[in-house]
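What follows is subunit A paired twice: with subunit B in the first complex and subunit C in the second.
Moving on, here comes the complex of A and B:
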C-alpha cells in the first residue's frame, strides 16, 4: 500500500421505472413512521392501526407487482456526497433476489400488522407501536435494496435501533428493558466488525459498492491458501457482523431474551426483519468468503444449531422454545452459506419466515387468551401473578382453539420437516448441500453432517413437546388454581383479525407454494426464479427419507414421553440450569472478556492514581520552591531597589525641607547655584 | 568708540539692580519689572559685543529677546491677574502654593 486510495471506476446509473417503484415502496413506511410518531397521540387508536396496516398492504401489493415485473438486474447509483475528489456513492439494486425478500418481508409485516391491530388493542403505549414497526420494516427494506455496504450499515443500525425499541416496548418491566439493552449491546459488538469491514473495503478498493466489488473481487486458490488475504478477511468481518444480527454462537444469547417484547414483534423479528438481515447480507456478499471462512461459518452454524436445539428441549417458556428454534434454524442457514449453497440458505430463509411467523402468532394467540383469563380475574377483583408464557400451565387448547391448533400444526410440520410442507423442501436442500460438501472434503466434515441430522431429530423432539404441552392433555393451570375454571370454559377461538394472518401464513407453509413436486424443490418455480447462484444440486434420495424418519421417530418418542405428563419433576437440574444459563456463555464472556478488561481498567486506574500522586508531589515541590523564590524576590531584590529609592527619597526630602514655596526664594537658590557653577567653571578654566 | 568695559559695567549695574529688586520687593509687579531689567542687562551685553561682529548677529539676537520678553511679560501679567482673582493678593509672601504639601 502506498497510502493512496485505490481507485475503481464507479459508474453512475440513473434510476429506471423499476428502481423508482422500489424506492417508493421503501419510502412508504418512513412516511408512516414520521406521521404516526409525531402525531400518533392525536389520532384515534383504530385509525392509526388501520392506517399503518393499510400502508403495509399497499406495500405488499406493490412489492408483488415489482417482483412479477422485475427481470434481470436494475442498478441505480447516485453521488451521495463528495469530499474533495473522493466521491461517495449510494446505490440500489433490484433483482429477483431482493424483490423476493421484499415480498416476504412486506407479507409477513402485513400479517403481523393485521394481528397487532387486535393483539395490541388497548395496550399501553399503543401510539408508539405502529411507528416503530414501520421503522423496523423500512430499515429492513433498506438493507434489502441497498447495493452499498455503507448505506447497508446505516439501515443495519436502524434495524438494531428499531429492535431495541420494540423489544423494550414494555420498558417498565425490568426484564424487558434489560433484554432490549442486551440485544442492542450484543448487536453493537458484532457491528464493530461491520465498520472494520467497510474500512478495509475503502482501504483496498476505495468503494463499498457491492456490484462493483463483485466484479473486482476474485478469490484465487493462492489467496485461499493464505489465511489473512484481504478479501478473505473482509468476508470474515462481514460474517462476524452477521453473528450478532443473525444470532450465531456465541452471540445468540440475546435472541431468547428478546422474547420480552410483544409477541407480534417476536414474529416479525424472527421471520422477516431482524435475524433475516444477517443471512441476507451474507448471501449478498458471499463472493468475499474464502475457504477457511466458509468452514468457520459452517462449524459455528452447526454449533449454533445443536446448542440452541438442546436448549429448546428443556425450556418451559412457550416463546423461548420458538426463539431457540429460530436460532437453530439460523444455524442451518449459516451452514448452507458456509458450504456455498446460497440458494438453499435463501430458500430456507423464505420458508422459515412463513412458518416461524405462523408459529409465533399461533402461540401468541394462546398467550393472548391466557392473558384474557388473567385480566378477567382481575376484573372480578382478584389479581394473581400468572406466568402466561409458562407451558406447564397450559394444555388442552386443542379443543378450545381448533383453528389455532391447525395452523400451529401445519407450521409445526413445516418446521420439523415433514413431507408435503415447505420446511421439508428447504431442509432437504440444505442437508443435500451439506452432504455434497462433506463427500468432497475432509473427514471432520462428516461430524457437521451428523450434527445437522441429529438436530433434525432434536427439532422434532422439542417441537412435539411444545405441541403436546400447549394443545393436548388437560388444562394444567386448573390443577393449581380452580378459580380459573369459569374463565377457561369461556375461551373461544380468537378474533378474525388474529385468525386471518394465521391461516395465510399456515397456507404458505404448505409445499405447493414453493414447488409442484412435494418431495423435491429443484423442480419448483421458487428455486428457478429466486435463487442466487443457480447451480444444480444432485438429488440424494436417502436424505429426505432419513430426515423424515428421524423427525417422525423423534416426534413419536417425544409424544410418548410427554403424553401423560402432569407433574413436572426436573430430574436433570444441572442440565436445566446449564441450558437456562445459555451454556454459561454470558458467564464465560464475563470471566474471559469483561473481568480481564475490568481488571486492566482497575490496574490502569491505580497506575493513574499513582501518577497523579507523583504529579501532585511535583506540584508541591514546585510550590515550595516558588514560595522561597517569592521570599527572596520580596526581601532581597525588591528590598535593595526600595533601599536605593528610600535613600534618594531621603536626600530629596532633606533638600525639599528648605523650600517654603516662595518664588523669590527659588530664584535666590537658583542664583546662588548659578553663581557657584560660574565660580567652579572659573576655577577650572 | 566707547570701550567695551563701560557697556559691561552698565550691564552689571542693571543686572544687580534687577536682581536686588527681584530678591527684595514683595509686590509681584515689581518683581516682574526687575526681571525686565535683567533681560535688558543681557541685551546690552549682546549689543555691545555684537558691534565687534561684522554680521551683527548679537544685535539681531537682542531684537529677538526684546520681542520674546514682550510676549513673556504678557503671559506673566495674565498669570498675575489670575493669581489675584484666586488669592486676592499680589504679595509674594502670601503666595506659597509651590510648596509641597
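Moving on, here comes the complex of A and C:
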C-alpha cells in the first residue's frame, strides 16, 4: 500500500493556547446538544431556550476574544487513527480567516437564538429545536476550524443532517418533509463529488491536510499535463461539492423549498452556516482552482445570479423572494471566487450574512404577527386557512411595525447596494474585480460583467417590490376577508427579544463597520486584513456610480409599478410557470438522468418478467404434464389395478359360491372336481 | 429270523414314540386321580416328555455314527436323518403349541383338561409314524391316528359352533379316508403289495396302465390332500377354523401339515422324474393357490381369512413338491421351518386381538396399532413372513420355492407348470391385499372400540417375540439352514 500511496511527511503539531480555546468553543454547542437532546421535555422550555442562548453568547464572546488575540496561523495536528503504517491525521487551523468566520457565525447564531426564544415560544416540538440549532452551529464550527478535508467532510455531512432536521422541523406538514428530503438528496448528490475529491487527494498526495496540500500544490507542477491535470480536477470536484451546499445552478432548487422550516432557521441557513460553508470551503481550498475551473465557476455563478434574481421578480412568497436573492448573491460570491477575488468574495459573504439575516428576521417578524392574527382568530372560535407568507395578503405594516420597517429598510439598502451601506462596499469590490478580470480576458467575459450589472438592477427591482408589498399600501388581506380587521388593529411592534437582533444586525449593515470610507472599501480595515489572498483591484470610479444608478433606477421603476397595485392579474402566465418550475431544471434532470435510469430499470424489470414468464411457462408445462400423468394414473394404472381386483373378487366369489356350509355339497364338490381333474389329466397325458 | 427278535430289535428305533405313549398314559393317569384341574401337571408332563424326545432325536440326528437308513417293523417304518429332522421339527412345533395354550388365558378350557394333552400327544404320535411310514397300511393307520384326535379336539369346546365344526370335520375326514382306502385297495389289487418304497412295488406300479395309475395314485393321495387342505379337499377348512378355538387351529394347521408334507416330499422323491405325478401335484397346487388366495381376499372374518390363507400356504409349500430334486426338498423344509414359527404367532396375535375386541371381524381391530404397538408391529412382521417380504425368512422361503419350480419348468417346459408359476405370482400379489388388511385396520383406522382394553400380558409378548425371533434371524443367515438341509436331504 505504501507503494501505491504517495507519502508526504506530515508533521504533528501540538495545540497551543489559541487552539485549545478554539476547541473549547467548538465543543460548547456539542455539550449543549447532548444535554438538551437527551433531557428533552424534562427541562422547562424557558430554561431550555435561555441555556442554549446563554451558551451561544459565551461562545460569541470567546470567539471575539479569540479573533482579537489571533496572530498568524495556529496549526495543531495529531494522529487520528492508524491502519498499519498508514497514519490518518486530524488537524485544526486557527487564523484570521477562520476566527472572522467564527465571529460571524457565532454572532448570527446568537441573534437567531435570541430571536428564536420569542419566535419559537409555544411552538410544537420546541424541545428539539435548540438541540438541533446547537448541532448545526457546532458542525459549522467544525468546518470552519478543520484543516483536514476528511474531518471537514464529516462536519459537512453533519451540517447536511442538521439542515435536514431543521428544514423538516414541522415534519407533519407534507411540504416540510418533502423539502427536507429534497434538500438532503440534492446535497448528497453534490457530496459525492467531495468523496471523489478526497479519494483523488489520497491517491495523488496521500493526505487530506489542507495546509500541507497548499505547499505541495505550489511546489510541484501539474501532476498530469493537460486540462484534466490532477489539482485542477480536484478543484473541480470540490467546487461541485459546494454547488450543492452553496446552491449553485443547477442544484440551487432545494434552497427556495427549504423555506418550509422555521424562519429563524432560514436566517441561519442563509446567513452564516449552511450556504456560507460552501463558499468558505472553496475559498480555503482556492489554491486548487486553476485553469478552466475558475472560468467555469464564474460562468455558473453568473448564470445562478441571473436566474435566481429573475425568479425572485415574480414570486409572491415573502421568504422565497429572500431565498432567491440569497442564491443570486451566492452567484456573486462564486463569480468573485472564479475570477480570483477571494477577499471580495469573503467580504461579500460577511456583509451578506448580516443584512440577509436581518432581512429574514424582519420578514419573520411580519410573518410572526400574521401568525398571531391567525391564532387569535382561532382563539375566537374561527379557523381559516391563511398563507401567512403570501405578500399579496400583506401591506401597510410600515405604520404597525415601524422598527421592523426601519431595520428592513437598512438591510434592504445594503442588499441592493446603495451607498453608505455594507452591501455597496462588497458588491463594488466584486464588480471591480470582475471588471479587472474582463479587461485582461477574452471578449465573452464582458457578457459576465454585463450580467452582473444587470443583476444589480434586478435585485433592486425585486427587493423594492417586496418592500412595497409588505410595508406600503393597505393591508390587502382585509379586502378578501374583513373578519381580520379587529385582529389587524391589534398588531403592534414585536417584543424586544425580536427587536434587539433586528437592531444589532441592521447596525452591522451600515458602512462604517467595515470601512470608514463609505464609498470605497479597499481602504477599509476589513480588506486590509487580507483574510484570504490579499489581492486588491484598482478602484474604478464609474463602477459604484453605475451600480448605484442602476439600483436606484430599478427601485424607482419598481416603486412606480407596484405603488398602487391592489389587484393581482398574472399577465405572463408562461413566465410565471417557468419560474415556478425553476426553469424546468428538475424536469430536465428528470428527463436527462432519472428517466434513462428508470428506463434501464424498466428494461431490467421487463427482462425479469420475461424470465418469470418463461419459468411460469415451464411450471405450467410441468403442471399440465402432471395432470396428464394424473389422468394416466387414475384411468390406466389405477383402472388396471381395479380391473385386476374385480377379476380376483369374481374368481373368489365363484369358488366360494360352492361352499355354503353344507357337508353334502362339499362332497359333491370335491368328488366332481377331483374326478374332473383326474379325467382331464389322464386325457392330457 | 424270529419275528419277536425282529420286533425287539426294531423297538430301539421306536424310543421317541414310546416316550410319547408313556407321557400319554401318564397324563391319562394324572387326569384320573387329579382332584382339581387348576394345576400345571399335564403341561409339565407333556413339555417334559417333548423336551426329552427332542433331546433324544437331536442326539440321534447329530450323532453321525448312529444314523443308519434302516427299515424296521417288517418294512413298515424307516429311520433316516430326514425323518429324524422332521420329528425334531414336529417336536419344536409341539412345544410351541403347548406353550401357546399355556400362555393364553382365554384357552382355559384347553389348558385345564387332561384330554387336550392326551389328544395332542396322540396326534404327535400319529405324525411321528406318518413321516416314518414306508407302507401304505402304516400311512393309513397313522393318518387315522392323526385324524380321530383332531376331530375330538375341534369339538372339545362342547358348544354348538365347535360341535358343528367337529362334526363337519369328522364327516369330511371320513369321506377323505374312504377315498384313500378305496385307492389303497385298488393299489393292492394292481400291485399285490402296499410297500410303497420297495423296488418290487415300483416295478409293479410302473407296469399298470397309465389311466389306472393316475386314478389310484390320486385316490391314495386324497387323504394327504385332506390333511394339507389342498384343492379339492379344502372345503372343510373355513368351517372348521371358524368353529374351533385358536389353540386347536394352531395344532391342526401345523402338526398334521408338516407330517403330511414331509411324507408327500418322500413320495415325490420316489416318483422323481415321473412327469405324470408332478403334473397331478401341479394341478392340485395351482388350484389350491387360486382358491386360497382369491377367496381369502373377500373374507371379513379373520378365522375364515386364516383358513383360506392356510389353503394358499399349502399351495405354496406344495409347489416345492413338483421338482423332487434336492433343491425342492431343501426349500420345502425351509418353508416348513418358517411356517411352523410364523403361523402360531399370527394365530396367537389374532386370538389376542379378537378377545380384547370381543369379535372376530376385521372391522373390530380398528386403531389397535396405537393401543398395542409392539403386538401390532410383530403382527406386521408375521404378515410380511406369510406374504414373503423382507426382513423375514418368508422372503427366502418364497424365493427358494419359486426357484425350484422355475428350475423344474426349465427342465420339462410344461405349460401347466408355467400356469402354476403365474398363479403363484398372482396369488402372492393378492396375498398382500388380504394379509395387510388387518395391519391396515390396526394402523390406519381410528380407534372406535368402546371396550376398555385391560389385557396386557407380558408373557404373551415374550412368547410372540421369542417365536418370531428365528424367522427374523433366518432372514439374515438363510444359508446356514440351507447348508444343513443340503446335508440332510441327501439321505432321502
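Note that in this section the second predicted complex is superposed on the first by the 594 of 685 C-alpha atoms of A that agree within 3 Å, B and C clash if a C-alpha of one lies under 4 Å from a C-alpha of the other, contacts with A are read in each partner's own complex, and residues count from 1 in each chain.
Methods note: a contact is a pair of C-beta atoms (placed from the backbone, for glycine too) under 8 Å apart; a residue touches a chain by one contact, two chains touch by 3 or more.
Predicted, not measured: the structure shown is a model, and the values here were computed from it.
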For the overlaid complexes, name the partner, subunit B or subunit C, with more touching residues on subunit A. C
Output check: A:648 vs subunit B and subunit C. Expected answer is one of first, second, both, neither. What do you get? second
According to the stated criteria, A:34 is in contact with first (subunit B), second (subunit C), both, or neither; which is it? neither
A:203 contacts which: subunit B (first), subunit C (second), both, neither? neither
Once chain A of both complexes is superposed, is A:667 in touch with subunit B (first), subunit C (second), both, or neither? both
So in the superposed three-chain picture, is A:594 touching just subunit B, just subunit C, both, or none of them (first/second/both/neither)? neither
Intersection of subunit A residues contacting subunit B with those contacting subunit C? 656, 659, 661, 663, 666-667
Spell out the residues on subunit C that touch subunit A in their complex, using ranges where they run on. 168, 171-172, 175, 179, 210-211, 214-215, 218, 222, 231-233, 235-236, 238-239, 275-276, 279-280, 283-284, 287, 290-291, 294-298, 426, 430, 433
Inside the complex, what are the residues of subunit A that reach subunit C? 645, 648-649, 651-653, 655-656, 658-659, 661, 663, 666-667, 669-670, 673-674, 677-678, 680-682, 684-685
Can you list the residues on subunit A that touch subunit B in the complex? 656, 659-664, 666-668, 671
Report the residues of subunit B in contact with subunit A in the complex, numbered from low to high. 19, 22-23, 31, 92-93, 95-100
